[in-house]
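Below is one structure, written out as structure tokens; comments come after it.
Per-chain numbering from 1; labels A, B and C assigned in written order.
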Amino acid sequence: MNLSYWIEMIMSGVVTGTCYAMIGAGLSLIWGTLKMVNLAHGEYYMLGSYFLWTLLTVGNMPLIPAIIISIVGVVIFAAAVHFAAIRPLLRKPGWNMSPWILTLGLQILLQNLALKIWGELYRNVPYFWNTVFKPWNMFTMSGQRIIILTSTAVIILALMTVIKKTRLGRAIIATSQDGEYAMMMGINIKQIYFITYTISAGLAAVAGILLCPVYSVNPWMGATVQTKGLVVCILGGLGNIEGAIIAGILMGIVESIAVSAIGSEWRDAIAYIFLLGVLYMKPSGLFGKKKGV
Amino acid sequence: MLKVDSVNAFYGDVQTLFDVSMEIRENEIVTILGSNGAGKTTLIKTICNLLPIRSGSIYYKEERIDKVPPYKRVDLGMSLVPEGRRLFPDMSVMDNLLLGAYSLRDKKQIQENLEWVISLFPWLSERSKQSAGTLSGGEQQMCAIARGLMIRPQLVIFDEPSLGLAPVIVDQIFETLSKITRENNSTILLIEQNAQTALEISDRGYVLENGHVVLEGSSDTLLGSPEIQKSYLGL
Amino acid sequence: MQNIYKLILLRKKQIAFVSAAAALLTLIAMPFVVTKIYYIHVLILCMMFSCITSAWNLIAGYAGVFSFGFQALFGTGAYVSALLSIHFGWSPWITMWMGAAAAMAVGALVAIPSLKLKELPYICIATLCMGEIIRLIASNFPELTRGELGLSQIPKLFQDNIKVKSYYLMLVILVVTLMIVVKIVHSPMGMSLKAMRDSQEASESLGINIAGTKIRIYMVGAFIAGFTGAFYAHYMNILTPTSVLGTALMTQYVAMCLIGGIGTIAGPILGSFTITASLELLRKLEDYRLIIYALLIIVTIIFLRDGIWGTFKSLIIARAEKHQNRNIKKETIV
């Protein structure tokens, strides 16, 4: 195993990792503000991919409009789910297991709806950019991976700016740290819940769109990514966006190395084991939870 | 300005407020006294609609507000400095203050209010980037007050501002409270266990016990009353 | 009206006993009334799910350990019993017990670390992970389990293949399961469970060994699930990891328990029977099975959180108590 093999493996891990970071960041936001673990988060990732595939294949749309419409489509769908299922549940507080069970139900519903609508065949989406680069002649990197890396970098930077520097970002953090008092500052936390939920779903959809040419589209892709999202979320520290980013990249690299060592049929098991490890060894994350979450 | 009329409130099946009525008029400082569990914080929650009332009504400037959602309170000019400070611990002092002004859109106005608030607590500007969770108890309280004042409210509710603070700081804080009423033309509703200092700066007071209003009157009367002296002043 | 409620509260034990006896007699009589073998099969499945859901209800609804990897215990019982009887030629009547014991061991392995986690969502996540890892182990070692190809030709319980015999066996298992559940719920352990449900700190201060109690309950539940799984293995004669270890199974027992009523004794059984029967009889909807389960879960958790039986129970209790004076203590109702 030479240097270029290692570099490619790590680069591939980093690239996938940034997508995991986006998914984990979204999960973290939802967990922080709404205080619920969104088990159905992976399904928005899946839906992003499926929308794109459908628009490209059946709708015959050019790439960029298809991407935009897919993202918007998932966001609108998430908004609908929010109003139909999440809001009514939030209106009836009391049992601490209900959000978990609700999102579990949503996950199963969406996964099986996808299975019914699109069937069990694995689908393929072509690479967005069909070139391969050889940086410094040391390793190869596909154009797709470059697109993914730049897109995620831009999006993550934008997300962090919003969270840290804008009025909305402050409101989101306030809601996640002390929702009751946040209301007394004039923050309409129901609105914050809605915004957080839909933005997070959008992030997951983007990740799905970026990764589907690499990994192919199938109804179960959401469930596998969900575990990884949970790892990132918990490892990064609940509510901690920068933590999620680092944890995401870490997850990507670990997965990349492990898969080349053990074989891809254990890919999911690796994620599960990693998640268990995180839960037992560092439940408050690498960087500690933000208080109040 | 604020009128609470025969309010009854419950936590689940347990009644916590029994036919509570009180009135706070413009530019007054009114104190609500009571020991732990008397219902003071419940009363605040009902005024802010963080806890729905079973019966009765709450009026603010002649309008009923008991059904108005909590986040609209600031628009009405009402601000709460809650018990235990409740600063957002991982956010900076400046971010906490800016959050206080969340409901304001005009950047100039926010800047002006910020300057006013800093004039009350000058140390805030040097420590603006410090994480709020690392401030001392007294500093946190002052920061919380500053945050509550960022909208230049007409009615400020202070829930046990002296809790857990050294007497010197408490005096400082109460001095600031009087200053605010004068400078800003605010009305203040003060919840306190520290009866002496609270009554000294207020105009009138109510005493809550087990969810009932048991005593009310001007501060001088209350300070002089034997029950108060016995129960709350330890005399 | 007042008298009916008084009657209910005072005689609830008798009412429960009589209704249970009536239900039991109905089930015993079923094979004589029902002619189509297919319906017997459906009833067997109903009873099987009743056992699984009752066991899960015991650990989740009563002990508060919301395990989403419980299906692994069912599957472990199934696979262990099947493999032992295949490779060693032992009779299923013996290997079933061994399968259940294996499930109990796995249950302990799952429960002990899980209870170290402090927060409820973490326990859910951990048990889900463990369940999936177990499934993947079964799936990825085809030399042992034949993986997704299916482990077939599992020895039968009744050589003559008469389904009705399996029916009565399952009925016995169900009755025993319920006896265990009732015994636990009404026992000192059960009382401490109720205390735990209401307040963790309070019961800790009373000196009840919480973790120990939870683990013991978990192992009982695991045993029941494992035994049921072993029965399933020898009844269906074929196993795949997805069918006995997969999350589809989890969806089903969660949905059934939820709809029937978590935290009650009759709830899981009610849920199991209604859902299994309805879905088996609406065969046309086979493709939509999981979608329907999911929708049921969503609608129930939002609107009917205590399930059918749970809501009914609390309504009756609430009405009855209104008509009673305050001195009557609340006791556990079936």
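Side notes on the structure shown:
Here is the rule we go by: a contact is a pair of C-beta atoms (placed from the backbone, for glycine too) under 8 Å apart; a residue touches a chain by one contact, two chains touch by 3 or more.
Source: prediction; values computed, not measured.
Top contact pair of chains, counted by C-beta pairs, is A-C.
Using the mean of the Cα atoms as each chain's centre, the chain most removed from chain C is B. Nearest to the common centre of all protein CA atoms is the CA centroid of chain A. Centre-to-centre separation between chain A and chain C, using Cα means, comes to 34 Å.
The centroid of the Cα atoms in chain A and the matching centroid in chain B are 42 Å apart. Chain B and chain C have centres, each the mean of its CA atoms, that are 53 Å apart. The part of chain A that touches chain C in the complex is made up of residues 37, 85, 88-89, 92, 94-98, 100-102, 104-109, 112-113, 116, 223, 227, 230, 265-266, 268-269, 272-273, 275-276, 279-280, 283.
Partner chain A is touched in their complex by these residues of chain C: 66, 68, 113, 116-122, 124-126, 129-130, 132-133, 136-137, 140, 247, 251, 254, 258, 287-288, 290-291, 293-295, 297-298, 301-303, 305. Residues 167, 170-171, 173-174, 177-178, 180-189, 290-292 of chain A are the ones touching chain B in the complex.
Against chain A, in their complex, chain B makes its touches with residues 48, 50, 69-75, 79-80, 82, 86, 88-91, 95, 98-100, 102-103, 133, 147, 151.
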